[in-house]
Amino acid sequence: MPDVTVVRRLRFNAAHRVHNPALSPEENARLFGKCNNPNWHGHNYTLEVHVTGPVDPVTGYVVDLGQLRDLVERLVVNEADHRNFNVDVPFMAGINPTSENIVVAMWRVLAPAIQPGRLSRLRLWETENNYVEYEGR
Amino acid sequence: MPDVTVVRRLRFNAAHRVHNPALSPEENARLFGKCNNPNWHGHNYTLEVHVTGPVDPVTGYVVDLGQLRDLVERLVVNEADHRNFNVDVPFMAGINPTSENIVVAMWRVLAPAIQPGRLSRLRLWETENNYVEYEGR
Amino acid sequence: MPDVTVVRRLRFNAAHRVHNPALSPEENARLFGKCNNPNWHGHNYTLEVHVTGPVDPVTGYVVDLGQLRDLVERLVVNEADHRNFNVDVPFMAGINPTSENIVVAMWRVLAPAIQPGRLSRLRLWETENNYVEYEGR
Amino acid sequence: MPDVTVVRRLRFNAAHRVHNPALSPEENARLFGKCNNPNWHGHNYTLEVHVTGPVDPVTGYVVDLGQLRDLVERLVVNEADHRNFNVDVPFMAGINPTSENIVVAMWRVLAPAIQPGRLSRLRLWETENNYVEYEGR
Amino acid sequence: MPDVTVVRRLRFNAAHRVHNPALSPEENARLFGKCNNPNWHGHNYTLEVHVTGPVDPVTGYVVDLGQLRDLVERLVVNEADHRNFNVDVPFMAGINPTSENIVVAMWRVLAPAIQPGRLSRLRLWETENNYVEYEGR
Amino acid sequence: MPDVTVVRRLRFNAAHRVHNPALSPEENARLFGKCNNPNWHGHNYTLEVHVTGPVDPVTGYVVDLGQLRDLVERLVVNEADHRNFNVDVPFMAGINPTSENIVVAMWRVLAPAIQPGRLSRLRLWETENNYVEYEGR
């Protein structure tokens, strides 16, 4: 069977602050500038989940997109939506919430749970002008 | 001279919490749901500034868009960008930061300052699926 | 209180065929071209609902957008989503499903039901390059 | 019959230079900055044509969008596409090609030619962050 | 010569129904839910064609994009546009029209026909929130 | 450390003409059609810069996006913005400004300058319907 990648976009809104508590306030301000604002700021994030695998000859699907959406909402989107990445989100506990660190943490939650097919890429937009990609390596 | 409307979009990222301090926590939770999360959430806001007036026969402009952008950045965008609408933004002091209240507050700051032409509409997107419009009435 | 317009976008996917049963097949083909294909075609429609009214001083809202979304989904979006405008949608019974006719029919369903605020405009995209607007007149 | 507005977007790519030949080079540079670059620059323009009128009870259309597109392409889009607004476009002869002046010139060409319905608004995007609107007044 | 990938997007509107005729109506309804609606639904599809190859030193092109567009329109887009994937489209005869199956079928038509360069990826959007990718493996 | 790709989009507006001076005017017209218009045309270009590398454990960044943006603006965007690719842009001197040739020339300027991380892909949109990708091979 041919290997196809199916992609589902999900959206959520969250607050965060780029901050490394192991550094001084001055060093945080120097490294992270306005992204370190102590009263937070926030984004409309878009998460793109890529799942690759053979097309099932009975359904014509790699994976049922409705079931994939429900799984991703339950495991990562609902945990972060209308919350604060530094304070409210268990899978980010103790992690500086840069886009790079968020996408790796989401991978670790999602990769073992997704099937059929395998998680092949996560893409996370922080704004319409910057995003990150992770392929699990 | 014909009356033309020129429009400039600007973007900023901010945290907020929909919250009326005159109400009890229970009433806030009932009215505002997840938008009332005590640790905030946030958005990539887009502000659209509409200025209407006659076309200047020397420049062919209603208003110089570079000067308009600088003015709007100075008066409202830089005040809110990478900040918290409930805590950090002087023109929102004491105001519940719904999109409706933000757009009216921005109008009050911008309308007296914009010229040539007159501010004819502000449009503020909170997400790609909801926005507000205000025409000063 | 200032009068603000709040806008909510909703999406649905439907099949249709532009066809006037009072005309001959030849006349339908001549007037509507490929949009008259007897086996249907379809679109990802986007509906934009504009509600105008005073800002409530307690909530800071013109209307609760979550309640507005639920109402519009129940009255028009769920009736049309993943269905056929010519065959499956009660509020379009006997009406040629051009975008013009769809937007007027949706207005007649929604206008009496929306409050607080008043329905001030419906905008319906059929493709990213064409849409219609109706203001109830 | 209800009055509906139908809208068609068309796209074209053109070079231009904001320049008033009645002014000195220094004055042009001061007023128009990098938009006055003598070797031109260019844009992917999007033109949005709004036509308002009663819905025809036979067709369900205000105006046939295919015929509207052909008319607008013939009268203004094909005149400007892959051309230079300062040099190549007859309806802009002698006019400084700011967006304001372009949209007024296009109105004067299109308004007498469009029917059924009447041209009610032209919207012209120069970039995704700035556009102009003209309603013929 | 460097190997560059050039990409062209094309759009079409089609009706379909996710349905496997080898299964019972109940099994189809269980597997495919509202996508199995017997009266069809539809989408604005976007197809993205990726062609990879060396840059021709005379033209500076991998492939002439105008010729590529004409070829893709003739072979797949015009076959599907304003039609029904289950009933009207020869290259989908007997195939359940999921996005996965459509993109593989389009690859089989396009890959042998595209040159210079080689078809390296097809991307097909069914809605703005879900799409599939196929690279011919 | 995991390897993540971070992506930054930048925009600029430029004029160009697809033209090979080694060929006759007739041959240029035949090969390049309206893209060969002697008085130029232009585009709103979008450049997407992909940088891949390990996530720094102190900052949580692959590369500081603000520093990346400043570097790309200085080296390529400001050289091309509001200019003419055939006449004004040093890194394109003597090169036919097709998208393929522009993206390769930008790679040669940017790849040696970007660090930490390595330039892994450049994507350049000429219009919303066509773009090119280059990965340095």
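By letter and in written order, the chains are A, B, C, D, E and F; residue numbering begins at 1 in each of them.
Methods note: a residue touches a chain if its C-beta (ideal position, glycine included) is under 8 Å from a C-beta of that chain, and two chains touch if they have at least 3 such contacts.
This one's a predicted model, so the numbers in the text were calculated from it and none came from an experiment.
Counted as hops between touching chains, the shortest connection from chain C to chain E is 1. If you take chain A and chain D together, the chains in touch with both are B, F.
Traced through touching neighbours, the fewest hops from chain A to chain C number 2.
Copies chain D and chain E of the same sequence differ by a rotation of 180 degrees once their CA atoms are superposed, given in steps of 5.
Because chain B and chain C carry the same sequence, their contact can be compared by residue number, and under half of the numbers here are used by both. Comparing the chain pairs A-E and A-B, the larger number of C-beta pairs in contact belongs to A-B. Here the spacing of chain D and chain F, counted between their Cα centres, is 28 Å. Chain B and chain F have CA centres that are 34 Å apart.
In chain E, the residues touching two or more other chains are 128.
Applying the touch criterion to all chain pairs gives A-B, A-E, A-F, B-C, B-D, C-D, C-E, D-F, E-F. On the chain B side of its complex with chain D, the touching residues are 2-10, 50, 55, 58-62, 65-66. Interface residues of chain E facing chain C in the complex, by the touch rule stated above, are 11, 13-16, 34-35, 37, 39-44, 81-84, 87-88, 127-128. Interface of chain C with chain D (complex): residues 18, 20, 23, 31-33, 95-101, 103-104, 128-134, 136-137.
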